[in-house]
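Below, chain A partners chain B and then partners chain C, in two separate complexes.
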Partner chain A sequence: MKLRKLKQMEKYLISILIAYIIIVSVVSKNFLSVNTLFDLLKTSSGTLILAAGVLMVLISGGIDVSFTAIAVVSGYSSILLMMKLGVDNIFFALIVAAIIGLLLGIINALIIYFFKLSTFITTLGTSSVFYGFMTTFIGTSSISVADKPQSLFNFGKATLFGLPLFFIMAVVILVITWFILYRTTLGRSIFAIGNSEESALRAGINILKTKLFVYSYMGLLSGIMGIVYFSEIDLINPISLVGTELMVIAAVVIGGIRLTGGEGTILGAILGVSIIQIFRSTLVFLGLSTSWNDLFIGIILLVSVSLISYQERKSNKEHLIFSK
Partner chain B sequence: MEKIKKGLKSDTNISVLLVVFIVVTLVLGFMLQGKFFSINNFQSMAFQISEFGFLAIAMSLAMLTGGIDLSIVANAGLSGIVAAFVMSGKFFDIETMNNVVVIIIAVFSALACSTLCGLFNGVLIAKLSIPPILATLGTMIFYTGLGMALTNGESVRVGVKGFSRLSSMTLGDVPYIFILLVVTFIIISFILSKTKFGREVYMVGQNPITLKFSGGDPEKILIKTYTLVGFLVGISALIIISRVNSARMGFGDTYQLQAILVAVLGGIDPDGGKGKILGVALGITVIQFLQSAFTIFQFTPYAKKLIWGALLLMVMILNYFINNKKVIKSLKKVKAN
Partner chain C sequence: MGNTLLSAENISKSFDGVQALKNVSIDIEKGKIKCLAGENGCGKSTLVKILSGVYTADEGQIDIEGKKYTSLTPITAIEEGIQVIYQDLSLFSHMTVAENIAMNKMMYSKKKLVNWGEINRIAKEQLDKIGANLDLQAPIRNLSIANRQLVAICRALSLEAKILFMDEPTTALTKKEVDRLLSIVLGLKEKGISVVFISHKLNEVFQISDSITVIRDGKKIGDFTSDELNPKSLSYYMTGREIGYTRYKKMNSDNDNILEVKNLSKKGMFKDINFTVKKGDILGITGLLGSGRTEMALSLFGLNPPDSGEVLIENKVAKITSPNEAMKHGIALLPEDRLSQGLFLESSAKTNITVTILNKLKNSLGIVNQKKEEETAIDTVKDVNVNNKNIDLHVKKLSGGNQQKIVLGKWMVTDPKLFILDTPTVGVDIGSKSEIYEKIQESATNGMGIIIISDEIEEILANCNKVIIMHEGKIVKYLDEEELNKEDVQDRIFNIINNPLGRVNHEA
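Showing the complex of A and B:
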C-alpha cells in the first residue's frame, strides 16, 4: 500500500503537536511518561469514537449537534435497564445502547431528509427533545459507585495487548470508518452528497439511503460512546457530557475538513482530537488553569478554518467560481 | 381594513403567528386567570423580554443573511465582563470619579467590545469566506476563552451604585429597558424594510451572487450586518449585568437555543432572505408568555428544554408545509398556463 502524501493542514497540526509536546516536556519533567500517555489514550478514546461519526456527518455536508444527547440518553437508559433486569453484562449494555443510538439517529435523518431542514437547527431541536425526554420521563438521578454494575468497572479497567480496551475500540471504529469512507461506494456517495446534493441525485445516488446511513452511524457510535463514557468515570451522572458537542466538532474541523462538505481525512480528525485532548490535560503542567483551555482551542480553530477557507476562496477566485 | 386583509393573506407566517399568539393568550388567560393577567406578571415579563429580546433580534439579523451567529452569548458574556471590570475599578481607579461618568465609560466600553467582536465575525465570514456556523463556532470558543482567562471563571461584581437601577427604572408601570427594546424593534424593522441596506441584507440571504452581479457588495453587507449584530448583543449584555449586578462567563447559556427558536418561530428562514422583524416580535411575546406560564406551573428546566426543542421542530415542519403548499400551487399555475 502506498502512503498518501500528508496534506498541508496535517503538516501544520503535526508540527504544532510536536512543538507543544517539546515545550511541555521541557517545562515539566513529569509529562513524558508512560502513565501520562496511557491516561491520554484512555481519555481521548470516547472523543475519538464520536469524532469518527462527526467526520462522516461533516463530509456529507451536514452538521450534527445531537450526538452528546444521544450518547447520554442511550448510555444512561441502557445502564438503567441493565440494573432493572439484573443482567450484569457489558455486551448487553453496548448492544442496547447502540440500538437506542441507532434509532435516535434514524429519527434525525428522517426529519432532515423529509422536511429538507437545516441539519444544524434540526439536530439542535432533536438534542433538546431527546435529552429533555430522558430527563423528564426516565430520570436525572445519578448512579452511585456502589450501585454501578460491576461489568462497567471491569470494562473500564480492561486492557488488551497492554493498551486500554477503549483505545483499541476507538482504533477499530476509526479503521471501519476509514474503510467505509474510502473503500466503498457508500463512502463515495457520502462524499458526493457533501459536494453537491443536486449532482449526486442526478448521478443516481439514493440521498435518503445515504443520509439514513450517515446519521444512524453517528447515532450508533454515540450509543457505544455513551457506555464507554459511563464506564470510564466513577459516578454515572446523566447531566454531564451534554454541552461538549461543539468541542468535538471543533476538534474535527481543526483537522482540516473542507467546510462546505465533501472533503476530510481520518488522520486530520485524529490530529484535531489529539491537540484538544493534550491541551485539556496538560495546561496544568505549564502552570495555567483550565480556564485558558478555550482560549487556545479557539485560536487554533480560528487559524485552521481561516487558512482552509482562504485557500479555497483564492482558488475559487482564480478559477472564476462564484459560490455562496 | 382591506389593506390589512391583503397583508395577512400575503404573509401566511405572520397570520399563523397571530392566531398562535391569540390562542396562547386566551388559553393561558383562561387557565391562570388573575395570575397571568396581572400588572405584576406583565411587568416581570417586560423585564425578562428586554433581557433577551436584543439577542433574538441579533440572531434574526444573522439568519436573514443566510448565516447564524453561535457567538452571541459568548460575546454578551465577554462584553459584560469588560463593563463589570470598568465598574469594579479593575482597569482604572474609580474611587475619585463621578458614578455617572464611570457608568458612561462602562457602557461605551461594553458596546465597543461587543461591536468589535461582531466586526471580527463579519470579517471572518466575508473576507475569508468561512461558513458562518464555523466562523462563529470558532469565535464562540475564543470569546468564551478570553472571558474565562480574564476572570478564571469567577463572577465580577459591579462596584458602582446606581447601575442596577438603570434596568429596574420604570415609566409608570413600563420598564425603560422594555421601551428601549420596542424602539429598537421599530428602528430595525424600518432599516430592513425601507432602506437600501435593508434590501441588500435580504438579497445577501437570497442570493449573494446575484447581488454581486447587480452591482452590490455582499461582503460589505455581511460585515455591516454582523457588526450590527455585535452592537445589539452589547446592549443585551449591559441589561443582563445591570439586572444581576455582576458579570460571569456562561450566564444565559440557554439563550442561544431560545434565540434561534424565536427567530425560526418568528418566520425567519434559516436559509436566509425571508422573514420579518414583526414576526420575531410576535415570536418573542409567545415564547415569553409560555415561559412565564411554565414558571407559574413550576416546570423543571428539563421539561422546558423538551418543550422548546419540540416547539422548534414543530414550527420548522409546519413552515415546510406552508411553503411547500405555495410551491405546489405556483407549479400548478405554471402547468395550467
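Showing the complex of A and C:
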C-alpha cells in the first residue's frame, strides 16, 4: 500500500507531541524510561479502544455519548455474573460484556433509525436509561479488591511480546477499525451516510444496516473496554467512568475528525488520544499539578478546531464558496 | 407495444396535502430517448423519484419488464437497471472524485471489500468516455458545479443501466460539454439503453428526443413524437399559454452613470476590466465558465476584493470589501447558486424576503415590526408572482423557478440602484423565465442599472442593450446597442464565445 500524505492537522499534532516529549524529557530524567512508557501505553489502551468506536460514529455523521454508560453497565454486569456463577475466566467476562454492549448499541441504532432522532439526544437519553437500569436493578456497590475475580488481576498484569496485553488489544482493534473503514464496502457506506444520508439512500446503500453496524460496533467496543477498565483499576466502582465520554470525543475531534461527519482518519484519532493521555499522565514530571490538565487540553481542543475551520474557509475562498 | 421496458400506470402522489402528481401514466420504450417536459414544479422530478424508488407513490403501479411493483426501493430500482442523475446531483462532498464515480458500481456489485485500484480504474474509464479530465483524488467540495455535474454523469454511466433518467443534467455545462453529453446520450440509445431526459432547454429536447411527454400541474397533457411538436407548440403545452419574450429597448433617457469600473484586476481571475452601467442599462456579460465573469461580479458585491482598479458608484469612488457595504451602496446580487447562496431553504418565504431589509422594518428599540414584515412579504410574493402565495411556506418546498422569484423579490425590496444577476434562469422553467425577464426589464425602465451574467445567448439578446464577452479574465469584445441590432449578432456572439482567440483570424 502506498502511504498517503499526512494531513495538515496530523503534522501539527505530531509536532506538538514531539516538542512536548522533548521538553518533558529535558526537565525530568525519569520520563524516558521503560516503566513510564509501559504505564502510558497501558492507561491509554482503554481510551484508544473507545476512540476507535467514536471515530466510526462521528464519520457516520452521528455522535454517541452513551458509550461510557454502556462500558460500565456491561463490564459491571458481566463481572457480577462471573462472581455469581463462579466462573473465574477472562474470556467469559469479555464475551458477556461484549454481547451486552452490542445489544445496547443495537437499541441506540434502532431508536435513531426508526424515530429519526438526533443521535446526541438519543444517546444522552439511553445513557441515563442504561445507567439508571443498572443502578436500580443490578446494583451500585463496589467490588472490593478481596472479592474481585483473580482472572481480572491476571488480565490487568498480562503482557505479550513485552507490551501490555491491553495495548496489543487496542492496536488490534484499531487495525480492524481501519480495515472496516477503508477496505470494506460497509466502511465506505459509513463515510457515505456521513456525507449525505439522502444521497447514500439514492446510491442504494442500506441505511438501517449501516447504522446498526456503527452503533453496535461502538457498543461492542464499549463492552470490551468496560472489562479492560475494571481490570486495570483495583477497586471496581460502577460509578466511575461515566462522565468522561466528552473527553474521549474531544480527543477524537482534536485529531481532525469533523463533528458533522463524512471525514476522519484513524491516525488523527490516535494522535488526539495520545496528546490527551500524555498530558494527563506526565504533567507531574514537569512539576505541575493536575489542574493544569484541563487548561492544556481545553487550549489544544480550541486551537485544533479553529485551525481546521480556518483551513476550510481558506480553501473555500479559493474555490469561491462563501456559504460557510 | 412489445418494446416497452417500463410502464407506470396512474401514478398519484401528494405531499402535505399538495397533489404533486395525479394519475400520470408513462411508457418507456427500449432504446428510445424520451423527454419529460414541463414547467418547474409540475411534478417531473417527483415522477422520476417515484420511478427510482426514492419516493413511494400513493397510488398506481410500476411494471418493469413484466414485474409489477406498487412500491420500489432505490436498491430494487438499481437492480432493475434504473440509474438516475438527480437534479441536486446527490454527490458525497468529502469523498474523492474517483470514489463518487465508482460508488454505485461498488454498491451494485455487492462485493464486501474495496479495491482502490479498481475504483480509480472505473473512474478513469468513465471520465475518458465523456472526454473529461478531472483530478481523481480531489474531494468533490473543491469542484465547480459544472465539474460536479460531470462526476454525477460519469457515476450514472458506470453501470450498464437499462434506463437512464437525467434530471436537468446540463444546467451548469458549457456548450461544448453539452454537445459531448448529447452525443453520449445518442450513443447509449444505439446500445439499446432507454434514456429519459429532463431539460428546460427546448433546443436540447428537440435535438435528441424520440418522444416527448408533457406534464403540467401534476397531470399528463399528452405523449407526442418529437416530429409532432415544435418549440412553440411545446411551450404552449407546457405552460398552457403562448410564450414570447419581449426584446428590451432602453427607454430611460436619463444618462447618469450608476457604475463605472476602471482597470479592475485580481490575480489569476480577471484583468483590466472596464465598463460603465448607466441608468436603465441592462449590461450582459457572457463567456464560458471560467472566463472570470462570476469572480468579477463577486468583486463588485464585496465578496472577492480585487487587487487593483477602481469602482465608481454614481461617479464617486467606492471601496467595497463586504456585502454589507455593497448593500449600503445600493448594490444587489442574485448569486449563481440560489440553493446554497441565495436562500435559507429551511425558512419561510417571509423570512427570506425580508431578511435584506430588517433594518428598515425595525423600530427605535430594534424590534422588527411584524405587521410591516408580513405586508412586505405579501406584496413581494404578489409582485414577482410566486405560484404559492403562502408566505409561511418553507422555500425548499417551492420549485426552482418560484425559488428564484423569491431571490429576485428579496433583492427588489431593497430597491437597489444596481442589480447583478448571475445566471438568473438556470433551472427555471419557461413560464417563470419570461416573468423574470419582464420584471428585470420593468426595473431597468424605472431607472435601475442591471448586469446579467448568462450562458444563454437568447437570454442576453432578449434583455440587454450592451454586451461584453469575457475570456480567461479579460474582456474580448464589447457590443453596443447598434451592433446588437444587426441580424447576424447571435452567430457572432456564439463564435466569439467558443473561439475567442481565433476571432482575430476570422475578421482579418
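Note that the second predicted complex is superposed on the first by the 312 of 324 C-alpha atoms of A that agree within 3 Å, B and C clash if a C-alpha of one lies under 4 Å from a C-alpha of the other, contacts with A are read in each partner's own complex, and residues count from 1 in each chain.
Here is the rule we go by: a residue touches a chain if its C-beta (ideal position, glycine included) is under 8 Å from a C-beta of that chain, and two chains touch if they have at least 3 such contacts.
Keep in mind that what you see is a predicted model, and the values were worked out from it rather than measured.
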{"item": "Contacts of A:Val305 with chain B and chain C, given as first, second, both or neither", "value": "first"}
{"item": "Touched partner set for A:Arg202, first chain B, second chain C, both or neither", "value": "second"}
{"item": "Touching partner for A:Val34 - first (chain B), second (chain C), both, neither", "value": "neither"}
{"item": "Partner chain(s) touched by A:Ala146 [first = chain B, second = chain C, both, neither]", "value": "neither"}
{"item": "Residue contacts on chain A - larger count, chain B or chain C", "value": "B"}
{"item": "Which of chain B and chain C A:Leu186 touches, first, second, both or neither", "value": "second"}
{"item": "Footprint overlap on chain A, comparing chain B with chain C", "value": "322-323"}
{"item": "Residue ranges of chain A touching chain B (in the complex, touch as defined)", "value": "63, 111, 115-118, 120-122, 124-129, 131-133, 135-136, 140, 243, 246-247, 249-250, 253, 259-260, 289, 291-299, 301-302, 305-306, 309-310, 312-313, 316, 322-324"}
{"item": "Residues of chain A touching chain C in the complex", "value": "182-189, 191-192, 194-196, 198-206, 258, 262-263, 315, 319-323"}
{"item": "Of chain B, residues touching chain A in the complex", "value": "66, 68, 70, 124, 128-131, 133-135, 137-146, 148-149, 151-153, 208-209, 212, 253, 257, 260, 264, 270-271, 300, 302-310, 312-313, 316-317, 320"}
{"item": "Partner chain A, residues of chain C touching it in the complex", "value": "52, 54, 74-75, 78, 84, 86, 90-95, 99, 103-104, 106-108, 110-114, 141-144, 294-295, 298, 303-304, 340-341"}
